[in-house]
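Okay, so chain A shows up in both of these, paired with chain B first and chain C after.
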Partner chain A sequence: MHDTIRALLTQSGRLTTDASTLPVDADLYTAGLTSHGSVTLMLAIEEAFDVEFPDHMLTREVFSSIGAIAAAVAELRPIPAA
Partner chain B sequence: MPALNTARQPRRPTHTTDSLHRVGIDIVDVQEVRAALFAHGDRYLNRVFTANEVQDCSDGDGVAPERLAARFAAKEAVIKVLRPDDIAVPWRTIETVRAPGGWVDVHLTGNAARLAKEAGLGELCLSITHERDLAAATVLASFHDTDRERPTCTTPSAPC
Partner chain C sequence: MTPTTAPTPRQTALLAQLLATGLLIDSGVPGVYGRGAAFEEIRLAVDRLIDSVAAGDDAEALRFPPVLPRRHLETSGYLASFPHLAGTIFAFEGDEQDAAAQARDADAHARWDRHQQMTDVVLTPAACYPVYPAIAARGPLPPHGVCIDAGGAYVFRCEPSQDPARMQMFHQREIVRLGEPETVAAWRNVWRERCMTLLDDLGLEPATDVASDPFFGRQGRMLATSQRQQALKFEVSVAIAGDEPTAVASFNYHRDHFAERFGILAQTGGAVHTACLGFGLERITLGLLAAHGLDRGAWPPGVRLRLGLS
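What follows is the complex of A and B.
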């Protein structure tokens, strides 16, 4: 999941640093993610993982790092049937 | 994600230099908005803007990215005034409303309105602008309680 998020960051995040080498816990805003960039990133993540971020998850913290985004996506994805 | 703590104390100024107003500013690259429209279309519009905002930004040629960018800048400038920390403020809870005279006002709902109330903020004054490539917005917010202690000068000769 982390690599997919890195790829989406490269496509949609318009970072000022290379997303492909960003550590999981690196601060994306420090890496150049803008407020509008977080919107397009959110939409791209929703399409890639077939999820929808509810309003209460639209916080700066949720999009602050690759790890935080992955945790949010994991929370939103349905648990596979056993 | 923690739910909104409605019991917490109002976020009023804690320092005399955080005086009677808060100001927020934001700038947006119109090309980013144009690209988001191209990539995500109505999903982008419906997640970020109210129906009235989309209508205000539309003409015979469709929706104008530079107008959307100015409204997005307004939303972010308002968020800077609200200082939400970890509280979610969905973009659609901050609506830019175009007055008949051509200027714009801000209408808050949901958590945005709640944060403004908790902070003791009154009217928000908004100004937006755009060129072909860039859009920007500034928001000035005043605190409600006029009887609150005003900032004082510690140096008698300093202007206050």
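What follows is the complex of A and C.
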């Protein structure tokens, strides 16, 4: 999932640093993610993972790092059948 | 267009009184009013009072028409945040037959938009918008940045309402500061205090709080949360006729949004940030009328003196 998020960051995030080598816990806002960039990223993640973020998850913290985004998506996705 | 939210009984009553006394003049369209002489005298007095408070800033006064080049609206990113509030100007394009067909449609009060094409201008959504491209065109900012007084310009928001404080077209008195991040942030905080004093002197019991813009849709909720978390917007509110106090001034820190969008650079090579403050002149006027009564002659002498009104 982290690599998918990295790819979406490259396409949608308009970062000032290279998303493909960004550590999982790196602060995305420090890496150049703007408020509008985080909105574009949010919509791209919803489409890619077929999830919909509820209002209480539409915060800066949820989109603050690759790891935070992955944790949020994992919380929203149905548990895969065994 | 139908009104966006239902007015409170007090808002309905205040609007009826404003129209009955001729302070405002009904147009038949919610949120679009003529201003009576008595209303304008107060509004212009408020504008002059802001002039006197702003004198220390030594701001450069620039004035712009209430239309904005469409390209500037596009560059600003406004449509990503507020697609529901923008007003785009269309005009006729066609031959004599098309013109005759348009006139027939208009005579019948039928839709005539099929004869219209988008023009190069939109209605100005906020008085500071023309400032950024104008300053960018001058070249890199001088070391201490610039302060621009954009005046009390008419601005448009497409949000028809029966709340007299929610007009579709109103005068927004804006001052803009462009410069180094620390300078801009400090300037905004100074103005918030000046505004509190100004409105307190007018007997309006102002309150201030962190606020967010009316961004559109789900993504807008995310932008609003982010804006609040970073305390990028403060509002000062006074009682008018709503259940809650109404914002009459806002203090907005854009960080590098407009500088980046319009390519505003610093001579020093450092980052350029911008902030603006906006006073809603009609809303302050309505606040005065709601607090002190519709008959200005009966207002407290101290308030009239502060405004230079008899």
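In the analysis below, the second predicted complex is superposed on the first by the 81 of 82 C-alpha atoms of A that agree within 3 Å, B and C clash if a C-alpha of one lies under 4 Å from a C-alpha of the other, contacts with A are read in each partner's own complex, and residues count from 1 in each chain.
By definition in this document, a residue touches a chain if its C-beta (ideal position, glycine included) is under 8 Å from a C-beta of that chain, and two chains touch if they have at least 3 such contacts.
Quick caveat, the model's predicted, so the values are computed rather than measured.
Q: Pick one for A:Leu9: touches chain B only (first), chain C only (second), both, or neither.
A: neither
Q: Who does A:Ile66 touch here: chain B (first), chain C (second), both, or neither?
A: So A:Ile66 meets neither chain B nor chain C here.
Q: Looking at the overlay, what does A:His36 touch: chain B (first), chain C (second), both, or neither?
A: The answer is both, since A:His36 touches chain B and chain C.
Q: Chain B or chain C: which reaches more residues on chain A?
A: Greater contact footprint in residues on chain A: B.
Q: Looking at A:Leu58, would you say it contacts chain B, chain C, both, or neither? Reply first, second, both or neither.
A: Both: A:Leu58 reaches chain B and chain C.
Q: What is the shared patch of chain A, the residues that chain B and chain C both contact?
A: 34-36, 39, 42-43, 55, 58-60
Q: Which residues of chain C touch chain A in their complex?
A: Touch list, chain C to chain A: 77, 80-81, 218-219, 221-223, 225-227, 229-230, 257.
Q: Over in the complex, which chain B residues touch chain A? Could you list them?
A: Result: residues 1, 3, 26, 28-29, 32-33, 35-36, 39-40, 43-44, 47-48, 69, 72, 76, 79, 84, 86-91, 110 of chain B touch chain A.
Q: Which bits of chain A are touching chain B when the two form their complex?
A: Within the complex, chain A contacts chain B at residues 12, 14, 34-37, 39-40, 42-44, 46-47, 55-62.
Q: What does chain A use to touch chain C in their complex?
A: Against chain C, chain A makes touches at 34-36, 38-39, 42-43, 55, 58-60.
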